[in-house]
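Listed after this line are the structures, all set down as structure tokens.
What follows is a pair of complexes built around chain A, which joins chain B in one and chain C in the other.
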Partner chain A sequence: MFKAIYRIAWKDVAGDLRRRATLSSMLFFAISVLVVFQAAFEPDRKEALRLLPGLLWATTLFTTLVGLGRVFQAEEEDGAFEGLLLASVPRGVIFFGKWLGNLLLTLLVEFLILPLTMVLFNVDAWAHIPAILAILALGTLGLTGLGTLLAAMTRGARSRETLLALLLLPLTAPLLISGVQAVAAILATDGQVAPWLKLLVIFDVVYLAMTPWAFGWLVEE
Partner chain B sequence: MNILKKIQPLVGLATLIALAIGLWYVYQAPADFQQGGAVRILYIHVPSAKIALLSYLFLTAASILYLWKRYEGADILAEAAASVGAAFTVITLASGSIWGKPMWGTWWAWDARLTSMLVLLILYKGLMVLRHSLDDPVKGARATAILAIIGAVDLPIIHYSVVWWRTLHQPPSLATGENTAVHITGPLLPPLLILSVAFILLGLYMVTVKARQIEARRHLDALEAARMHHDE
Partner chain C sequence: MNPAVTDATDQPVARLEGVRHRYGRHLVLAGVDLNVARGECVVLYGANGSGKSTLLALLSTRYAIREGAYHLDGLDVRHHGQEARERLLFVGHHTHLYGHLTSVENLLFFSDLRGLSVSEPQLRRALDTVGLAKAADKPVQWFSAGMRKRLALARMLLAQPLLLLLDEPYSALDTQGVNWLNAMLTDYLNQGGAVIMASHDPERVAVLHHRPHHLARGILTPLDTPRPEVA
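Let's turn to the complex of A and B:
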């Protein structure tokens, strides 16, 4: 079962690492978002430190949308999606495979964005990098879980990228709130991180428990 | 769904009577000693908020029923409830804003209830758009039903995360806790209760009208598809 999850995920990740299609578009999209924020707010060093949690999460959220638009791209043609569904593993396993592939790519992009943001905005928070990455990763578990399900839901829909954003952004409000507050608490050094981590874990558990079942109903014939 | 056709006039009549009695009470109710006549917007705002949430509950139940038993009727009711719920959510937000301006001095505050209501509105919109952007109506119905259930689980999380955010992050800008809640008693209470019932009836009436309209639409689409098929 874990082998099947790994195989499906690796097929997507390896394919993308060779073509670098999703990875590079996510990365350059993230950079453009950062440029937009810089031009829009022109923060000085102190303001940049205050804005950092929000900048990171907003950039992550927008960038995830780019990756999610492509989760099922490999299965778009020649009935490849139906072929994937024919695999002799439970539907939940197929879902987790697709989720893991998207998760790995998203995490990779986040790991690149974080130092880039600190450089571009002149923020000196290098000591907190491991903690911030851990929080980003924790939130990304649930975010990509929900996102992969919504990507499956909007497969073949008209103007799906817009639809994906319309569906994903309101549902991720708790994630955005707790993620931003957790990073802000770490930067403030005297803030409370624990309650926000708890909320992030609740979000992750709820979505990773629900989405494989929902995927099963979705693709049922 | 013949039953809808039968109950529609009855629900409509009951709605009219309840609305008339309720509005008469509102007219008779004394103005608030602090808020003056503006307090009367409460009688529209509070029942609308109830219907906005009740519609989502109804929609979730219909969606579960549809996924489980595949009744098309349940799907039609879910589609009708989404647009009725969205309409009442807009009324809630608008009346709340209009009331908020003279009372709090601001049109909008990011407190838990306002934020959740706004997210609810986007969710209703998402449900309506998702259904019609898939070419296969069965797939659209199923995807919409699943999204409705996910939204039902997410809405409480959204609500509590905003409550948490406001209490841990900064003191609440508005009195929303139980200790500070405004108690509505005396002559203000009967019109509120009667209008709540009237709005529930109104919501039901709107759902029946909308559901019959959707049913007719689907019937027409099926006829059109059959005609196209025949022509070929």
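Let's turn to the complex of A and C:
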């Protein structure tokens, strides 16, 4: 079972690194968003520190949407999605494989954009990088989990990227707010991070428990 | 009917009873009954849109059986879809291959999703058998339709399924490919495998010992001789 999950994720990540399709789009998009924010606000160091949590999560959300729009792109070729469904593994395994591949690409982008954000906005929060990355990763688990399910739902739709955004944004709003507040609490000297982390964990558990089951139901014909 | 082929035994590989399927209000299959035994090849003939591919999709578990019963190796497929998929292999119009992966990687992907423990030399031997040894490490996106079909059929050598479902298997194959496929299917049937295939090509199927059936207006009827053009 774990071998199948690994193999599906490997296929997606290796394929993307070979074609430089999704990762490069996500990175380009993330950098563009950050540059636009910087040019629009031109914040001083204090203001930038206050804006940083929102900026990071907004950039994460937009880049995740770019990645999710392409999560089933490889399966559009030569009936490959049907091939996946004919595999003798539970539907949940297929879901977790697709989710893991998308998660790894998104985490890689987050790992790259965090220091870039610090440099662009001249923010001195280098000591908090491990904690911020951990919060981003925690939130990304649920964000990509729900996103992978919605990507599967909108796979055949004509304007799937728009539909995906319309569905994902309201459903992940509580998770995003928790993520923003958790990063803000880390950056503040007297912030309470634990309650927001608990909320993030709850959202992750709920999303990742429900989505494999929903995926199995979704793909039955 | 080919005299060398026995009819269904007490333990059929696949058994369909009263299977009906509809797309919306359009009834495609109106109560299909079929028994397929080990070592037996059933060929489905019928006009375009007669429901052959739908029947294969139901047999492959891609579509759920909503009316009627389908047993594969004694398993009720309605409740044991995953176990049924372990016992069958479907090669249809689509080859289910990933263009960015090489032949070896595509077979490795298939093996891992099927839970097979196959070594790389075994994968390369399978590729050699289907005539793709030289293309083993090339991305599949550059392959011709015939090469893709051969690679899809190489999965059969790895999986050794109990039931092989083929939808127009001869399409995209050259004469040499057709001969090779028929030889491979003959070996497979001799080893006790079962085949259900949809075809429009009775001349190419003729080499195989098989039971022809005709599908029209949702009814599957056994034939004495193939009549593929009958609508």
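As a convention for this text, the second predicted complex is superposed on the first by the 221 of 221 C-alpha atoms of A that agree within 3 Å, B and C clash if a C-alpha of one lies under 4 Å from a C-alpha of the other, contacts with A are read in each partner's own complex, and residues count from 1 in each chain.
Criterion: a residue touches a chain if its C-beta (ideal position, glycine included) is under 8 Å from a C-beta of that chain, and two chains touch if they have at least 3 such contacts.
Keep in mind that this is a model prediction, so the values were computed, not measured.
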Which superposed partner A:L167 touches (first chain B, second chain C, both, neither): first
Message: Contacts for A:A74 in the overlay, against chain B (first) and chain C (second): which applies, first, second, both or neither?
response: second
Task: Scan A:K11 for contacts with chain B and chain C and give back first, second, both or neither.
output: second
Message: Under the stated touch criterion, which partner chain does A:A188 make contact with: chain B (first), chain C (second), both, or neither?
response: neither
Field: Touched partner set for A:W217, first chain B, second chain C, both or neither
entry: first
Message: Once chain A of both complexes is superposed, is A:P90 in touch with chain B (first), chain C (second), both, or neither?
response: second
Query: A:V205 contacts which: chain B (first), chain C (second), both, neither?
result: neither
Query: Residue overlap on chain A between the chain B contact set and the chain C contact set?
result: 220
- prompt: Given the complex with chain C, which residues does chain A contribute to the contact?
  reply: 3-4, 6-8, 11, 14-15, 18-19, 74, 77-80, 82-90, 220-221
Statement: In the complex, the residues of chain B that touch chain A are 67, 115, 119, 122-123, 125-126, 129-130, 133-135, 142-143, 146-147, 149-151, 153-154, 157-158, 160-162, 164-165, 168-169
- line: chain B partner, complex, touching residues on chain A are 146, 149-150, 153-154, 156-160, 163, 166-167, 169-171, 173-174, 177-178, 181, 192, 195, 199, 202-203, 206, 210, 214, 217-218, 220
- prompt: For chain C, which residues count as touching chain A in their complex?
  reply: 60-64, 82-83, 85-86, 90, 92-101, 105, 108-109, 112-115, 148
